[in-house]
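Before I ask anything, here is the structure I am working with.
In order of appearance the chains are A, B and C, and numbering begins at 1 in each one.
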Amino acid sequence: MNKNILLSINKLKLYFPIRGGLIGSRIKGYIKAVDGVTFNIYEGETLGLVGESGSGKTTVGRTIIQLYNPTDGDVIFKGQNLKDLKPEEIRKSRRYMQIIFQDPYASLNPQMRVSEIIGRPLRIHKLVTTKAEETERVNEILNMVGLQNSYRDRYPHEFSGGQRQRIGIARALVTKPDFVVCDEPISALDVSIQAQVVNLLERLQSELKLTYLFIAHDLSMIRYLSTRVAVMYLGKIMELARSGDLYENPLHPYTKALLSAIPIPDPILEKQQKRILLEGDIPNPANPPDGCNFCTRCPLAIELCFKVEPEYREVEDGHFCACHLV
Amino acid sequence: MQYLIKRLLQTIIVVIGVSIFAFGMTFLTGDPTEVILGDGADRMSVEEINEFRVKMGFDKPWYVQYFDFTWKALNGDFGYSFIRHKPAYEVITERLPATIQLAAVALVISTVISIPLGVISATKPHTLIDFIVTMIALVGQSVPSFWLGIIMILIFGVYLKWLPISGSGSWQQLIMPGITLAAFSLARNMRLTRSSMLDFFQKDFVRTARSKGISENRVVYIHVLRNSLLPIVTAIGLQMGYLLGGSIITETIFGWPGVGREIISAINSHDIFVVQAGVMMLALIFTFVNLIVDFVYAWVDPRIHY
Amino acid sequence: MTQDISPLTDKKSIKSQFFIRLFRSKTALIASVILLLVCFSAIFAPIVAQKDPASLSLMRRLKAPGFVEKSTNLQFILGTDTLGRDVFSRLVYGARISLVVGLSAVLLSGTIGILLGLIAGYFGGVTDSIIMRIADIQLSFPTILLALAIMAILGPGLEKLILVLGLTGWVQYGRIVRGQVLSIKQEEFILAARATGERNWSIILQQILPNIWSPIIVIASFSVASNIISEASLSFLGVGVPPQIPSWGIMLSEGRQYVGIAEWLTIPAGLAISFTVLSINIIGDWIRDYLDPKLKNIM
């Protein structure tokens, strides 16, 4: 695995304004979907990003590729700070950073044929000059994702969920990007299909030299896929470590609770498993607690946790954590 | 509450827009002087035309004119009718009751006939009755009202001599214009009632009511009709616009002395201020009727809160 | 990969499905036939009418249907009008006017309405507010009134009429399109298009528009009918098409004074309008049901 940094995200913030007032002009507050997130993504790795619903993981992915405009913070892609780019330049850079969406039923235009869906990115970025070239490239990527050439003239509704997801993958990869955000790409699929798609994604990663940000809420799948894993809660990263380190040696109480909840296939071990149950309410994302975001539900919280926000720092080699107790 | 305020603000903007339009009407060909003088301008010398222009204030910049216009309008001064020799405002307002009477009668005829027929047609779908009703509705929406009026005059006025063909004052004279004006709305409401009720019959809560053993009549009238009334009420409110516009044609055919007929004759005699006043009056009435309908709707439908 | 795929539905079989269903509905079929007749008459007017609708002769004014002019041996199947013109020819050429106005006005108002609806829906913000305010103001006038007022000032004229009808009729398209755009904008495939780096107008025209044709087509078909009636009404009142042009509305306004004396002046024209509009309405209904039964509440 290369140690070159492909993406550097620094104190990234995305706040959604809550509007009120007669014409909707007055801003009542902000939903802090992403609240100061910092990490690097190295070339060729798969960085897993986990968290519960509302943790901000999907928003982070979309903000990195500039689908949402960051409220604050930097995204430095291949050495270039995207903040400094004009909208047209960002548009051009999109061929290098792509996204695979979660819902295969909503992410494909029902009125477009497969060949059109996959061919568009090529045309938008002027990567092909003739129709024949485009057809060739589209066929090439179709085969790579395991679909037949004859499927090109069909419409999305003629395909199953798994196949549609492959089309989505083909669309994301046709421009040969460097970086791909995988936004829960298998969550909406049948379990039997999930493994197939995951294997496909792995194979493509090595064939096309891709770097993934893999967003999911299935911890066991993430462990299998990722080089490193980050855990998010309410817009902030709680812990980030190499995959093995995180699962063997979790430092943050939230991570520990999550891991303890993973079902174990062996029934005897499963019975012996001690579950850490989280009690308390999830704070309002528009009004997070003063101290650590997790303090309202943390079983180990001390007084300091409610007052001062813990610093996100490197505790051991390559192992980051934001907790006062570490 | 917020909704009401929003709606009011919207209405004010609309009223301003209406006034701008009414004011701007005379500028459509560039020079209001020409519009007013019409053909008479040919017989006048250039000096006379200019005199006229200054007298009427058309030489002033447009925003000054607009201000004058609005100011005068608020005071009820819409200019003078050269033909009727009265202030335009009076010409319009004295004919307003007749138009409102006609529109009201048409509204009543339309509602009273369309809803029961729509209900019948919905409760016995795909039967002969339904077919007849639907056909009448289709025809009613397709036949131009003025032709309907002419035909009615022909049949009931000329051939059968049952009804008077023009003028106002007696209830007999109200019948044909009333029906003519009501025809389109009637047809539309019939179909709307029918389709609205049919939609509701599909809904789950009706099935529940039926399975509870409630008598079919109760189901029809209380459960389904009540709910389907909402879109019908909106439609009726919206039809005020059509009725006001359609009154122009109906009044012309039957010689009904209302605002509509006056507007037409004013157009033909180039009595521009009367046209302006009439158009503005009808538009304003329409706007306020819409506002009231919206309020009633918001009051009736507990789900609306903007 | 042996997953279930639904049967291939290529575009050809969709077209044949269209005609199969058309033939199943007898009323729609009859309506189509009538409409085709009207269109045929309009396009091939000279052949169908065989006479010049403008040729007048006071010698043969107000002759009843079936009249044969002795000097020329010409048959006037529907009689002549107040200026001796052939009623039948005027009827046939009148079809031209109605269709031309009906279709052109729809084209104009549709284009404006779709464009403004797309812009308002996609870009939102101030532009959206402004467009919607203008729409509201326009809607605060009963349509006939608005067209009437403008035509009254401008004077009769075919192009003016089309322009006015087109400019006043855009709102219904604008509203529907805007609503559709607002709901589609949120769909993930639009987000995906932006993620791919597609430009806004490309997304609007090539991704969103193809998904919202159905309601537009339905509105357009009913619009043609209402425009035909508007033209007839305005011409009837004297503010539509200039009196020299044969329009069904003008025929009715001229014939009105002779009700009871010369019914052939008013009945054929009225029937023509009624049947044409009726056919369009029937077909419009059918199209709406064919495209999407859920659209019933729009009209």
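The criterion applied here is as follows: contacts are C-beta pairs under 8 Å (C-beta built on N, C-alpha and C of every residue); 3 or more make two chains touch, one makes a residue touch a chain.
Since the structure is predicted, the reported quantities are computational estimates derived from the model, not experimental observations.
Q: Going by C-alpha centroids, which chain is farthest from chain A? Tell me that one.
A: B
Q: Among all chains, which one's averaged Cα position is nearest the averaged Cα position of every protein chain shown?
A: Chain C is the most central one.
Q: Based only on mean CA positions, could you tell me how far chain A sits from chain B in angstrom?
A: Computed from C-alpha means, the inter-chain centre distance equals 57 Å.
Q: Distance from the CA centroid of chain B to that of chain C, rounded to the nearest Å?
A: Result: the chain centres lie 22 Å from each other.
Q: Where the CA atoms of chain A average out and where those of chain C average out, how many Å apart are those spots?
A: A distance of 51 Å separates the two centres.
Q: In chain B, which residues are in touch with two or more of the other chains?
A: none
Q: Which of the residues in chain B end up touching chain C in this complex?
A: Against chain C, the touching part of chain B is residues 10, 13-14, 17-18, 21, 25-26, 28-29, 35, 138-139, 141-147, 150-151, 153-154, 158, 195-196, 199, 231, 241-242, 244-246, 248-249, 252-253, 263-264, 267-268, 275, 279, 282-283, 286-287, 290.
Q: Under the touch definition given earlier, write down the residues of chain C that touch chain B in their complex.
A: Listed in rising order, the residues of chain C that touch chain B are 133-134, 136-137, 140-145, 148-150, 152-154, 225, 229, 232-233, 236-239, 252, 256, 259-260, 263, 266-267, 269-270, 273-275, 277-278, 281-282, 296-297.
Q: Give every residue of chain C touching chain A within the complex, in rising order.
A: Interface residues on the chain C side: 1, 3-10, 187-189, 191-199, 202, 207, 210-211.
Q: Help me check something: in the complex, which residues belonging to chain A touch chain C?
A: Listed in rising order, the residues of chain A that touch chain C are 65, 67, 91-92, 94-95, 98-99, 101, 103, 106-112, 120-121, 124-125, 146-147, 153-155, 157-160, 162-163, 168, 171, 175.
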